């Protein structure tokens, strides 16, 4: 495992930004491993991701804020520092469909997702066995129209108790309240089973089938207050034919959902995603 | 070039359909080269495409109607016969964007599209040089709000005079009237520069850019009275990144449009497409 | 679950084949659900897959052989009948890499693979926990240069005892002997982690990395005596960039391997694959 | 059209490289538009592409060499500077297959390829009409076993007379001599009609057909003395089925070849490609 730091920066574009950051890092003897930047010329923004080796880095990270503060202030930067050695803590929300859950748990077991998973939350007991197979704590919290505020309060308390950093909705079939979402801005990742903005809302496979499209898709995005409208992280599609009935679409789609969701989760963990406006930059 | 016949059939599904058609063909000594069928169980329909060698076929084609009529009547078939040796006659409509036109003309020249192209119609003179390079007659017919009915009347007269069988809108930027469309039901192919039903209507690339999608698409479809809503023939997508600005989307999209449109045209010529309801079956 | 029969046929091409089969089925009141045929004109072969509803079929299947025999004899058909209600019995062979095993077990659990899995055989104990989670019997049989004939004899005895119909090598890292392979002709499916014929043999990812290819692939194929040379069932690729080191290739490749192997297994179970010469036809 | 400069750099990896380059540019008041870097940790190399606006850049480009020289020397950089306003001069070599030529000429006409095309060289007269349609000078130079050295001498003289910067072999069916290649190191781009290293050499489509692969590919690469072995720039594949005969492969492959070749040409023009060892980095 690498012992590196990742700095994400967004600020108004102007001259000298790359040099300012590179010099700050060099001053503290950083060995830059990756540096990638992007200008959104329409928005007038500069966005950067830089990763450096902490081996030999001469600035204590507890003092990073203080040391980098003046640079950030001068250029009006919004920034975020993360350490590759610190595993963020993920809670997975799931209902009855278990393919995304099984996929995430396997990838975590295989070392593809460098995070902790202290908690699975479900409004159904069906996936308990999977949680057990992978030895992850499982909480069954029933949700109905009537008890939703209570249920969310219980969920939030658990997330808090487990120091959860971000949430993945792995085909969780309940709409979260704006209040809940507000606790985890740009930290709740959803998978929607269509190529957004096509077929947002309910029953996307059935509507795709009825419209006679030739490809079906899946979209992972951050959750905002507007349903299926948050910043898109990743999308992919697969070809279907007239031979595929609705059940085939569901099955082919499941494979898409797994891949599109797991990429988003991995990129979030690796601090590759910068959200600005309602869009994302995913640094590769 | 093959000397074959293609029969497309759609009818209510019931037992004995494959045998009825196979026996009819065998009776006249047909050598079946391809036979493909599909059941739409939801709609209760049987759809078939069968292609046979005319070498040795003992039924004169002028008598096909009479001979096959009783079989068709018994099963309630809607059917269509075409000959691979007869090149259908295609008129291409185009405005200023010339990438689809250039692509179609090249493919026609290269022998990929087995049709005649007696006519290119444009509301702008810009693509005249391409028509000349490929030696295809070019007609410039200006279209404005005021003269639309007149312009369409002139277009229809030309199509008639040239015995045109089907029309391709190769990025033709005028909306056709229901009356015009009614002359060529399921015989006008359009290319829309988005993954329908996402971004139907105007400026799909700009709206895709603003929404922050990670893939852009193109859709070829038959034209119906409702804009961008006809039966979809083919779709494809390509990946974009945050590095792509609007101009890049337009350029990447152009490559998609060419491929997605030319596939639809080829399949139409090869009589591979069966329209039913608002969907297509494309026999491969 | 459908109650259908599938007939696969291959024979020299001549007139009347489709009618002969359709009439035979109609005579026994079969309702054909799918029929697909292919001519390999170079090889002069006719290949067909036909599936019909057993509901109302008036020929007892124990008498199918006797009844269809004369038709088959007349046309020189090699044929195979299978029932969708009969789950074939699959043994999975695996070594240490567990991604394909985990994927197959999950898909089996999810109902995507309509087969029984009476046995997992491994030359390492590492994947025992997965077998347990999915409640599949697991046999650890060590294999070394010295004990290979003995080990294979034990494996064959187990396969026999469990009435295994076909075998999947889910990244099983031992080369099987010709004698072993001879027991399951066209019934052992392997996944090779390259786009064959590129990089056959050992360490394909490393060689792909060194060659600087821009896509990596995976290939599922039936096992023959010549290493990585059997009839190809399915292939797919994924894009890599200069940012991907060898470890990234292995991880991206694992996702490919899972999908490419599981498609082959599914098609084998659904009797969609016809092997002829060193090629396959996969009826869709 | 942008007025920018692009610097490509490769050197042994060490600390301070990003800062050194960023500071050099800042010192001369450059506004960096794109900066992308890569470390090949196995090779111990640092590779970078940086593009900046020449508007406001205070260093005369005739003095760039002198000014940047000391930085380059200190770090042992191999570097290359190019200006987006200078169109490199491309000669296209072609034989009888004209699809890649037609595609490149159209893209050039459409403004996708920012280069001059002063010359088309062919060993056959067949594509003369295309050159005329796009108003590009065409030279027919016959090549046979006997006259090859003479023919190449004439070709080289023409390239020289037209100040050609790089050459594209658009399905040019003659093998170039090592001497010829030596005149344009990493400046001759070839398209090979297979997914290299599979099916290098002659008749790749036929061999793909015989092997029964499920995807066919195309590869663009720089030409070196070893046939089909130079640094790969781009590859792509497309799916085929048992329904595709050899002619279909050739036609589907042609579409691949066009796209894969034109991408390589565009990236070469945009100075996105760094060759090191037998590999390329393509900066996006």
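To keep things simple, chains are lettered A, B, C and D as they appear, and every chain counts its residues starting from 1.
Basically, a residue touches a chain if its C-beta (ideal position, glycine included) is under 8 Å from a C-beta of that chain, and two chains touch if they have at least 3 such contacts.
This one's a predicted model, so the numbers in the text were calculated from it and none came from an experiment.
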Touching both chain C and chain D we find A, B
Matching residue numbers in more than half of the contact pairs is the bar here; say which of A-D, B-D or C-D clears it relative to B-C. A-D
Please indicate which chain is farthest from chain B, where distance is taken between mean Cα coordinates of the chains. A
Interface check for copies chain A and chain D. Shared numbers divided by all numbers used: above half gives same, below half gives different; which is it? same
Contact-richer chain pair [A-C vs A-B]: A-B
Taking the mean of the C-alpha atoms as each chain's centre, how many Å separate chain A from chain C? 36
Between chain B and chain A, distance of the C-alpha-averaged centres to the nearest whole Å: 42
Residues touching two or more other chains, restricted to chain B: which are they? 38, 241, 243, 284
Per the touch rule, the chain A residues reaching chain D in their complex are 15-19, 22-23, 25-26, 29-39
Residues of chain C touching chain A in the complex: 98-99, 102-103, 106, 110, 112, 129, 133, 241, 243, 251, 254-255, 259, 284
Residue ranges of chain A touching chain B (in the complex, touch as defined): 38, 40-42, 195-199, 211-215, 217, 231-237, 241-243, 245, 277-282, 284
